[in-house]
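In what comes next, chain A is part of two complexes: it sits with chain B in the first one and with chain C in the second one.
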Partner chain A sequence: MSVGYHIVVCGGIVPDPLQTLEPVKGPAGWGLKNELMLPAILDPWAGHALFEAANLAKSAPGSKVWLVSMGPKAKLQQVMMTIAQKVPFELVVLDGPAGGFVEAHEVGTALAEAIEALPGLDKSKLLVFGGWQSASRGAGATMQIVGEKLGIFDQFQGVDKLEARADGTMRILERVEGGSYQESVVAGPPAVLGWATGELPEPPNNPQVGMQNMRLVMPALQKAKPVKIDGGPEYAKVEIPSQKRETRIVKDTPSEVIAKEIIDWLGA
Partner chain B sequence: METLRTLPGDDVRQIMWRFADRYDIQMALQSARSLARTLVARLVAEGARNTHEWTDHKAQLLEAFDTSGLTALFMEPHQGGFIEGPKNLALALVAFELSWVDAGAATCSLATNLALAPIHERGTQEQRDYYMSNCVPPQPGEDRKIFRGAFALTEPLPYVGVETNTLVGKVRVAEWEDGKEPMLQVDKRGRFITGMDFANFATCAVDTDDPRIKTSCIVIVEDTDEGLFDRGAPTLKMVHQLSSTRDPVFNLKVPASRIVGGYTVKDGVIVPNYTHSEIIGAVFHRTRVPVALMSTAKLLSAVEPVIRYQRQRYRGGDAVAGTPKYDLGIQQKPDAVLRLADIWATGEAGASLGFETARLFDQLDPTEKAKDKIMAERGVVGPKSQLSALRKVEKLAIEYLALESMPEDKRDAARFQELGEDTLVRYVLLESLANILCPACKLWNTGHGATVMRESLALMGGYGITEDCPGFLFHKWADTQLEATYEGPEAVQRRQLSITMTNEVFLAKLRIWIDQFTLLAQEKPETGAGIVAKAMELWLWTLEFLHRAKDPSGARLYHNRRQNVTFPMADALCWIMASRCQVADLLELAEKGPENPIVAEGLEGTLGFLSDLSMVQAARAAGECARICATMVNGFGPQDEAELTAFDKLRSQLDRSLSGAALAKDRAGYALTQVMIPEALDYPM
Partner chain C sequence: MSDIERQSMDVDIVCVGFGPAMGGFLTTLSRGLTSEDGSPVAESTAMPGMPLQIICYERADDIGAGVSGVVSKARAIRESFPGFEPSQVPLCTEVTHEKVVYLLDPHGASRRQDLLDMKDSLIRAFGPSLKFLKDEAVELPFIPPFLRKEPGLVFSIGQFNQWVGSQIMAEGQAQIWPGMPVSTVLTERGKVVGVRLCDQGVDKSGQPDAGFMPGMDIKAPLTVIGDGPVGPVGRDLDDAMGMPHGHHRRDWALGMKMVVDLPESCDLPEGFVLHTLGYPEPDIFGFLYVLSDRVASLGIFVPSWLDLPVRSAYRYMQHWLTHPYLWKHLKGGKMRSWGAKSLLESGRRGEPWLAGDGYARIGEGSGTTNVLTGSGVDEAWMSGVQLAEGVLELIKAGKPFSRQNLKDTYVARRRVSTLEAEAKIAEKSRDGFGKGFIQGLLGMAIAGYTDGKFNMPGDHRRPHERVPSIEETYSPQLTAEEIKALREECQAKGESLHDAIMDRIGWPKIEYDGEMLISHQDALLLGGKVQAPFGYADHVVFVDPDACRRCNEKICIEMCSGQAITTNPDDGVPLFDREKCVHCGACLWNCSKPHPTDPEKTNVEFRAGAGGLHSAEN
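Let's turn to the complex of A and B:
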């Protein structure tokens, strides 16, 4: 019988996508204009990973969920006011830069070290969850690197479904081309899963859960160790894509018309 | 010079409104925000406001309030809530956040709390625990119906709106068997009762109609009680349509234990522990604050859609990206941004006033309980004897204030400590302020707020009065009128102020503020503190003048029935209080901002901009105050020449203090052309 999983979710924070994100070069290299002042949210891919993790943990008694996050700790605290209300987890904070300008290798190494150092972590029960990509950069490399560093070679990327079966094996659906799935069965943990959108909706806020989480979140933020990231790529030039998003709002447009527009756009 | 980079975010607000270290409150606020900007915004966009009927469409709100934790916000942890202790600030922030999108939704979420408020403030412990825990959504595995409540004070009959001392609703003894609990017959018709479509209990204000019941009281009735629980006709309202309002009819038999706060039996007569007006006083004292902030949220929420509209107004046609015409639109013209600066400044001042009041009540709540305990121990019962006991404490409170304002090395430290630790002194100090700030924010934020809200529509041009107006500004404007009306319309707040603003403890505090702000003006003239100091001085002088002066017929000027004197002076005070709080929030941000890395990043620009708004607002407030005071001093004349000369001197000092105020507005207007806003409004239209 299941004695539970140890699920570590890696999740960064990203600026609220409603904002104009303008790259600027500061003394510490490239970043976004007014980055600290922009409202931040949990990276949506990581969000799916977290909700799936919580759901899996709930169905497998004895499980535990950690959320390992690297980002400026003041920003992380702000994001936690929403995330902590969604599902139970224990936060581990790496106080460092967030966003798309840090080399995936650096981020992956820092995350792997933090996971390695988790007190009480049982690697034989370990599932490392994260986003297949992130909203700040679609390299799709970070989770792979985390896995490699931890010596976990069963890796799945673009996951939409995980089914934990009674015999301890897990059936996993990964996105492949054209809306199809690749189906795999893995013997059990340890494994790395980079999630696509999963299947679960965003859970509603529950302040009771929030109050429980915050008891651990606040101390975690306080004792967060600064992470020094050095090296990484040199960007010669960074700019906003020239194709700008022009949102049109047309009331009462029938869905067929919208669908046709999308198809025309895809074909153009 | 650095100017405002982005609109002030949560981190800035947490410092200014003093909840940076309260993550319980921050969480509640995030819940309210996500609900407001999803379901609530969708309901409005889908036209749920087009009917006054309570529909299934609107009823989705109730479940959403339950699942987001907002329903449990008012409760203590042992009753199923999650915030321990006083919750005035938490409730105010949640009302603010919901009203950012729709104030009817905010009212809907608060209606049960309003029904619970009499029980919360004056109910017995059993009443409190029973109703509060039943109003919490059932936990997983729990099988019970959630209680929702309505508060029934106002009645369809004349006099029973503003004149809450008159009640037509009645309570009689229905049965009273020997040795058993008396059964009461409650007969009440309510008018405009919020939450009535789904309430299963109501707290009703009723007068006694039986020699065996001593006074009026508030009684709890339930829909399962014997008799008539008729929800009545829906109110044909044109505002706050996301809440339910009806004119119910109750004629029910209930046990006497439903009298809020309990009762005693003396010589065969039921003596309620609290009359209805004592309870209502305590309730409205607190619940008026979130209502005030509902209007304020609208003003601040208007800023972003107006900027976006202004910048895009000339796009299209031959406008080319990168040209001023394309990027700035009508923000190329100063008037557009100067008017927006006024709207924003009013919103800032209202928020500062409202949240300061909410925080004050968080301090007052436990102090009031401690005071009641002391009074009970001393055998001081009844509001009249309490009042006269407290009047004696006022002297001590004034003595405390005098010591507080002295330099530390000059004052009698032992006496200062002794008075500081005296619960009754503390209570008198807090209460004297609450008695001003509560009616002031209810009156000014909603009344003046409604006027200024109109401007935001004007800045949208014709768009402002179409259904598509971004930010639902038209609805918001209409809604402010209700906020200015319910829980006592403007006249009620003015009347309360006209009595409380002559309280000596408050006036002593005002004198201290004048000194502090005069000093502050030397250190930080950019805050507008000097202007506020002069306005306070002029107001105080005028009040004192009105007490000694007479009109040509020899009648006293400051008199309860002379509303042409007392009411304008109350209005003037509101302006000053709002500006005073605004300056205080600015100082807090200047002090604590640098400690927070996020805030520190753009602090110079944010502070500079908010200082400019503070100065703009102070100049406006001083202008209003000076105009009113001049009317008082000259308008009932002719008056003594020496008095007039003294007044003129003060008034001209006030005018001089405005130096630089117009420049501040220029700067604020310019900043509005530079600030970065999100690409799209974060809720639909």
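Let's turn to the complex of A and C:
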């Protein structure tokens, strides 16, 4: 049985996460050092959610995919030029701050309002996809809040697999400790899924998809709704996780000694 | 794979490559396409009822992936953006101080002509008493007017491109698609009718593999090519159309650079511009530009006339950094990003046919680089603006993009512009370097001070005609037996030869500090990241493998900016790793073996490919 899902992917943009995203306090509060200079990309977790959404929509005729994205318009535009070539979707733009220091409740509320306002959206078919975490700095709570605001209580986080079954139910695998998965079966939409890395690779660029998308992306950007975020938490201190890499240069050390050091380090 | 059925799409203007030239073109064109009442000045022929469909394809995965620190008079850029404030663009500032410095060789390891050696000895003997020698360097008391950039700008081309791209996209008239390489031009009866995008889902050799998707054909009445010096589409056109009589592209340079955080102790002011010459080899030029926020862009240019078969730009750059005159400013600093890029230095002499039926060329690939003034970004921008003005004129007049019409509008504008006038002055200015460093400097001075009326005669042989053997180069420092042993040792270990040879002839080892002085591979990891999307064919191809097996120099390996071309322990044909290629194109012009069918080319083909270095701040 084909359901014809209405899939809304919530995905923000982040500075290239392969660069060091060092927090700094500026006049406007906390932000990421060099954020303006780093190239922006779609949050990788949200990217996986989008690819999974496109794949699901392809296998369920009558489905539709929206990408609801909040971020500075000019940066979003650049990102969309790349994303638009990957999979078909319709873009909804919220012109607001990005960067991970905006309070999750405010972001969740803005996203939920944008989803509610989507013309033609059938909530009985609604699947809200998003990233489980944010690559820049996320509270990890935004998707839950979006779900609560929309009145969707079937929520799954750290999802790696979604299997739509013929009877309309969906089997979902969520990541749990130790590389294991928690398996759930949900009766069907509506549901919120915060994706981990999923199972699908990044699709290749397809100029024809890009052209179709861009015809809608440009007007969507022009119609972007400005989002004003008030208040939120005050951060007393922000720092990157204390990962330490100590490099020693050693010469002529026997392999047994090196092996012992590694074993000691693993056991420490 | 010409018989494969391909999807096809019609647009009005298709553009290849997004750099400064295309920035100038699309900025000017976008603004001119809307009339005062806000309506479009022309209707799309590809999509009737819509505004013109203008699409630009860029190979790199981001529109700000350019690699160059730039000092520019920025005249054309400022004309395009009246009231331009450098603070609008990250890492951009005005030139405030300029210096030219001659660096002596503190190690005595570089190759210097006897006359230069004598001059250096005199400087060392009398310099200190004349108080113009310090830290093994001589600061020139003046800057030749043709080199002076004040009041210009120093900036990062990557950041500038990002900024320009966002301005263009905000206009909404043109689409710029990064991550989409173009493989070739499409021609019909001598007329360019569009471009073909690269096939995806192919194996390394280009054969269909899992997920094969043939590159789409994009048809357009006008194809604008601005894909830079090593762009495959421009070179493809050169093959199809031939070059104008007497024009050739034999003068190149490899620019390698870093963006660094200057140490607290450094007192160089913002807007400071330093040009160096004399070291690590006499004719390797260096640059250091202090941008905003205590960030500097610095690096070297290794020219094609450097007749050394073992030339490592990376190690040379490290020796340059640690020269006492520079290291006193840089010690304690930290590398933020790193990159490399080829420069087409033939200038006007390397100019192809600028326009033909259905196409036009702009930017560095069209010969805009000015080697006398050491600039190219503003010139490239200017060429883009000139084409846009010409195209707008034709659109408004309803005229087709024929060769004659583009000549009358674009080429004619270019011929009467300062771009052309300055290119003529610069055309022969560096010829002397083909004979030697001193001749080169004299030639530049003569050309610069006489506005190009007089020039030093030069030498423009092709690489295969001029690169000497390693044995010849390092005799009598190294015997043929020693070189043979080194070569065998390096091949067995899969290493390049340059480190072994440089160590043996007196270059000191580089003492890594983990911040500025790091291994080449670490620079590749920390200085950016290489994008090599899956499913594309290898873009570096060794045309005649037997010629590689016979080759003793293998400059492709020695010169490779990303160590993507490496020694093959099992065969003489080098190995290529797309995951490390920064797309600088040094292999293309440095190879010392001729192409089997075209002596103007080398045995390395640099084809269309996706990816390259994605560096945040270049």
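Here, the second predicted complex is superposed on the first by the 232 of 268 C-alpha atoms of A that agree within 3 Å, B and C clash if a C-alpha of one lies under 4 Å from a C-alpha of the other, contacts with A are read in each partner's own complex, and residues count from 1 in each chain.
In the analysis below, a contact is a pair of C-beta atoms (placed from the backbone, for glycine too) under 8 Å apart; a residue touches a chain by one contact, two chains touch by 3 or more.
These numbers were taken from a predicted model, which means no experiment stands behind them.
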Clash or fit (per the criteria above) of chain B with chain C on chain A: clash
Partner chain in contact with A:Q155 - chain B first, chain C second, else both or neither: neither
Which of chain B and chain C A:Q222 touches, first, second, both or neither: second
Contacts of A:A74 with chain B and chain C, given as first, second, both or neither: both
Chain B versus chain C as contact partner of A:T82, first or second or both or neither: both
Stretch of chain B penetrating chain C in the combined three-chain arrangement, among 201-209, 291-299, 399-407 or 543-551: 291-299
Set intersection of chain A contacts, chain C complex versus chain B complex: 16, 18-19, 34, 36-39, 74-75, 78, 81-82, 85, 204-208, 210-211, 214, 218, 247
Chain B partner contacts - residues on chain A that touch it in the complex: 16, 18-20, 33-34, 36-39, 72, 74-75, 78, 81-82, 84-85, 204-208, 210-211, 214, 217-218, 245, 247, 249, 251
Chain A-facing residues of chain B, complex: 5-6, 9-11, 23-24, 26-31, 34, 67-69, 72-73, 82, 468, 596-598, 601-602, 676, 678-680, 682, 685
Of chain C, residues touching chain A in the complex: 7, 9, 61-65, 90-91, 159, 162, 165-166, 169-170, 172, 175-180, 197, 200-201, 211, 213, 216, 218, 514, 529, 533-535, 614, 616-617
Chain A to chain C touching residues, read off their complex: 16, 18-19, 34, 36-39, 74-75, 77-78, 81-82, 85, 201, 204-208, 210-211, 214, 218, 221-222, 247
